[in-house]
Amino acid sequence: MHVTPQQQAEIDALRAERAETRRATVPALEDVLYQPFPVLDHGFVRVVDYMGDDAAIVQAARVSYGRGTKRSRDDQGLINYLMRNAHTSPFEMCEIKLHVKLPIFVARQWIRHRTASVNEYSARYSILDREFYVPSESQLAIQSSANAQGRGEAGVGEQLSLAPGAAAPRGARRRAAEQARRAEAKGMQESLTEDAERSFDQYDSLHAAGLARELARIGLPLSAYTQWYWKTDLHNLLHFLALRIDEHAQWEIREYARVILDLVDHWVPLTAKAFRSHRLGGARLSEEGLEAVKRLLNGEDVDPAALGMSPREWRELRATLGLPED
Amino acid sequence: MHVTPQQQAEIDALRAERAETRRATVPALEDVLYQPFPVLDHGFVRVVDYMGDDAAIVQAARVSYGRGTKRSRDDQGLINYLMRNAHTSPFEMCEIKLHVKLPIFVARQWIRHRTASVNEYSARYSILDREFYVPSESQLAIQSSANAQGRGEAGVGEQLSLAPGAAAPRGARRRAAEQARRAEAKGMQESLTEDAERSFDQYDSLHAAGLARELARIGLPLSAYTQWYWKTDLHNLLHFLALRIDEHAQWEIREYARVILDLVDHWVPLTAKAFRSHRLGGARLSEEGLEAVKRLLNGEDVDPAALGMSPREWRELRATLGLPED
Amino acid sequence: MHVTPQQQAEIDALRAERAETRRATVPALEDVLYQPFPVLDHGFVRVVDYMGDDAAIVQAARVSYGRGTKRSRDDQGLINYLMRNAHTSPFEMCEIKLHVKLPIFVARQWIRHRTASVNEYSARYSILDREFYVPSESQLAIQSSANAQGRGEAGVGEQLSLAPGAAAPRGARRRAAEQARRAEAKGMQESLTEDAERSFDQYDSLHAAGLARELARIGLPLSAYTQWYWKTDLHNLLHFLALRIDEHAQWEIREYARVILDLVDHWVPLTAKAFRSHRLGGARLSEEGLEAVKRLLNGEDVDPAALGMSPREWRELRATLGLPED
Amino acid sequence: MHVTPQQQAEIDALRAERAETRRATVPALEDVLYQPFPVLDHGFVRVVDYMGDDAAIVQAARVSYGRGTKRSRDDQGLINYLMRNAHTSPFEMCEIKLHVKLPIFVARQWIRHRTASVNEYSARYSILDREFYVPSESQLAIQSSANAQGRGEAGVGEQLSLAPGAAAPRGARRRAAEQARRAEAKGMQESLTEDAERSFDQYDSLHAAGLARELARIGLPLSAYTQWYWKTDLHNLLHFLALRIDEHAQWEIREYARVILDLVDHWVPLTAKAFRSHRLGGARLSEEGLEAVKRLLNGEDVDPAALGMSPREWRELRATLGLPED
């Protein structure tokens, strides 16, 4: 369950309140304020407070007395410029506070971003709810190498491991493989569930036997859910998103990043647009990579080794440029 | 001039706007939002935005779904507890953004507080207004040792250091000394003003001669005014205030801190109260100092050297405890 | 096992190397460089690198060209002064890098200190060793309220909370209680061990079945060991120690803090002394608390409520001052 | 004068000392340890201490017990990989401490980098030496638009903006223009020098008249020299260098960055190489820019507007790719 009925009631009560303010206000974000957006099987993200908007970034960049310009086209141009040239301080002028419920192993990756404020629910003093993350069958299937006989989507390294000309299984054989894959994923799910249930049973009984909470919880699994208030500024939030939306990040934290980016779209649409174009999309070319591109554009042959590029760099560059493998 | 009529008009326009919000809102701070509060001869502080209130601190400390408690007495108790025990993270959940106009030498002390975001008016690209800080006659008199009839120590705390029964100069002699002091302070004022005017003249003519702004400004004095947007969380703001309200801080930055603390009173009154009691007031005793206090309370004689206290520490401890000098 | 023979061999090889340097060097710390100091059942702390010494702090405070003074008495005085007056930046001039092996639940508390650099062993890409923390029987006994003959409070400070004259169970009854306590603690130990073993078994089999490591590990317990390189400056290290040596911290992290403080004694003995006296020892009095002390020293009666102190604050103050309960 | 003979003597004494250490040591950096490298007319940079080397980065990335690999080719590959993929934490494991003497206006730009520790010489308590920065004639000439025959644009990049075929003034006319330019630069130099001298005269006389140092100094120019100890980790140092070596940075701070990068070459040559290739060199393409490159490589015509690129972005992209203007 993502939130209990009682928690939802508290949230609804809060959402019903209104106050008048002179501050910069973003109606599109107000609409979803306090609402929990589900992530994974029991987690959520909800915006608890925010400060600033796109205009505040423009205002800060100009150190002006009033609001930003009234013409959003000018604002977009300035925000693009700031993003492109790594003028990051104006983006620090906006702040957001989230309430997040997430598995502990995700929390451990998340907390590596140090430029944020955190208040976490304490398992030293409070009882943890019996809630833990169990990956879906399809996640387990995708992430399991045994299953990787051929679905195009598949897991992290799968495509790379398929030799160019490999014949993918078809027809009956394919269906059988699919079934085996499902059965195995189901088995994994059950195993993870049982083990977590058993650890929570132990937690309950140690606690019932009078062991301090801070010790009783050490047997709980990394999949147990925790929750926290997490507050950061927009610049650091975008940095977090850039790293955690990336396909190298673990799928579970990417799910949180995906939901948060959607909230950023509501909050600061001009900045979100610039971010997608200049940080999420596109590519960074090394000095050698840029030199190679110049030569290619000039119609020259390129010898990557002569430029000082490793075979891996060269392969990555060609992929980036949409060129066929060498 | 603290703000120009045009700037005031922009501020008034902003103050006239209202929006509806679901966010935590503090009417007492809304009342003064955007308003410049004068500091020194041309400076100001104004609140440009804020996030959170006393209840948000309670809410974060409890990682709860709704607002804090409705009973402010309980909130005060919890906030006192957090303050007393250095549980600082809930205070990080509130954020404030200030627009500050301040002399450069004050800005240089201010920026030493690193946990904040800053956007400063750029003298590389923009022309600086001809505004610079000139200390008042009384400030110059207080800070000038000559006025202290040659007591080399003098300085900020001069008046304070006059022991209750000290024979202060009286009557005619006193008036004459006072006059000399004023005359000298006036001379210093004129000297500082003339020199700053001359440097601004040079700035103008170098600029007129086509020198890049970033170079033309290097002759400007440290007393020239700059301005910035400065944003920080409540925990770091209180830390800033604790250090900058302290009597060891330079008088000019203390003036800014004094005005900001007043704004904090408007914003988070429960926290401001706890801060005054547990951080601004009171004292920190060292292990040896505490031991000395225990012995004094027990009616014993105390030999500071035997306890490992230096004469200076002992003197400071007696002053802290309101005991007469040894 | 704290380190494997192969790891010890790598460490020994490193310890055998010597180089000549012009940098500030601390022989007492060099003596123990790279050596793992055991903590808990499988953990350790070892110093991997360091920068600066007590003299570097003095040198930074003076922004001087050469070393600090040659007279350590002067250095101690200055360092005490810096510590007493919260002039923290000179302490930031020393840096230390530790390699720490620690249970994940300890790591989660540790990482809350954000002003440090961390490289953690990755369970996404690497296999975790089958090592987990199991509290000793005596820890479990101390932390279990059942052992306290049903006193719900119990916990860490149990023994301390025995009032001087309290009638402790004696003789045969005591021995029986003690035996029961041991038996229960042993049962808890076995339960924690079994559950962790089972989770590691699952981890192995999920991994063997081809599940990605990043998912296979989510069932592992919070007691599993991880390890990291952790680097911080002396100021932030002392702040960490002040919070984590405190009796409110969980016993397990206090064990790490205790060992690190011992290493700080080797590294910067003057600073360590000042730290014990001005930060670890002694006390902070609130404005009201200080007022109460002044009155007590003046022989007056004190009405805590009239001063605005809660009963709890008053009780804590009396304890701090070594006064009997009211 | 960059350092006084007495300061040099202190430095020499320090350089003459040697100690034995087990720590990672970099002979090429030891060679220049403590030596001041002149920057501008009176400034310098000198390395006062350091921690770690290229191998420490590898070691941290692997969380290993011994040193990094012995094969520097593997280390280079790993370091390139870390740099390319923004895995920044291993670079945080190296630390450097610099002693820098620099004009205040440069210090104000420098301090904007917050992730560093600073101890600055205090003009509140100490007398500042009569030293201030006066730009060289050639700097003033380059930065002065008058020299560009009235072309308002001018500034830093003046020479660059001469279009390939532009008719530059020749012969006698050119020599006359050159002479006028020099005369004007000389005049600016004299003006800056006189004004600064006068401000220092005032500083001396206010101080002699007994005004507190903290007030006497407010008339000093932004060109006055200050000095500080500045300590940061390698990751943040590289970020500082990337921003401050950039041609958009003011020439004076670029001079400091240039000297520091040279010291980084001594310290961590593999990292310095990766930094030049992946951060200093090369380019970041936006999503639209990358799409344009793909089309160009595919031999297609590109309509920048249709791709959503502004004329400015398109112009910048063509310049980056070495293509002629549209």
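Before moving on, here are some points about what is shown:
Just so it is clear, A, B, C and D label the chains in written order, and each chain counts residues from 1 on its own.
The criterion applied here is as follows: contacts are C-beta pairs under 8 Å (C-beta built on N, C-alpha and C of every residue); 3 or more make two chains touch, one makes a residue touch a chain.
The structure displayed is predicted, hence computed values, not measured ones.
Counted as hops between touching chains, the shortest connection from subunit B to subunit D is 1.
When every chain is reduced to the mean of its CA atoms, the largest separation from subunit A belongs to B. The interface with the greater number of C-beta contacts, when B-C is set against A-C, is A-C.
Of the chain pairs A-C, A-B or A-D, the one whose interface repeats that of B-D, sharing more than half of its contact pairs by residue number, is A-C. Our note on geometry: subunit B versus subunit C, Cα centroid distance of 35 Å, whole angstroms. Rounded to whole angstrom, the centroid-to-centroid distance between subunit C and subunit D, based on C-alpha atoms, equals 40 Å. Rounded to whole angstrom, the centroid-to-centroid distance between subunit A and subunit C, based on C-alpha atoms, equals 33 Å. Shared contact sites, meaning residues of subunit B that touch two or more other chains, fall at 112, 118. Those residues of subunit C that touch subunit A in the complex are listed here as 103-105, 107-108, 111-112, 114-115, 118, 124, 133, 135, 139-140, 143-147, 154-156, 184, 188, 191-192, 195-196, 198-199, 202, 205-206, 209-212, 214-215, 217-223, 250. For subunit D in complex with subunit A, the touching residues are 77, 80, 84-86, 89, 112, 243, 248, 276-278, 280-290, 293-294, 296-298, 308, 310, 313, 320-323. On the side of subunit A, the complex with subunit B involves touching residues 3, 7, 10-11, 13-15, 17-25, 30, 33-34, 49-52, 56, 59-61, 63-67, 89-90, 92-93, 95, 97, 99, 117-121, 227-229, 231, 233.
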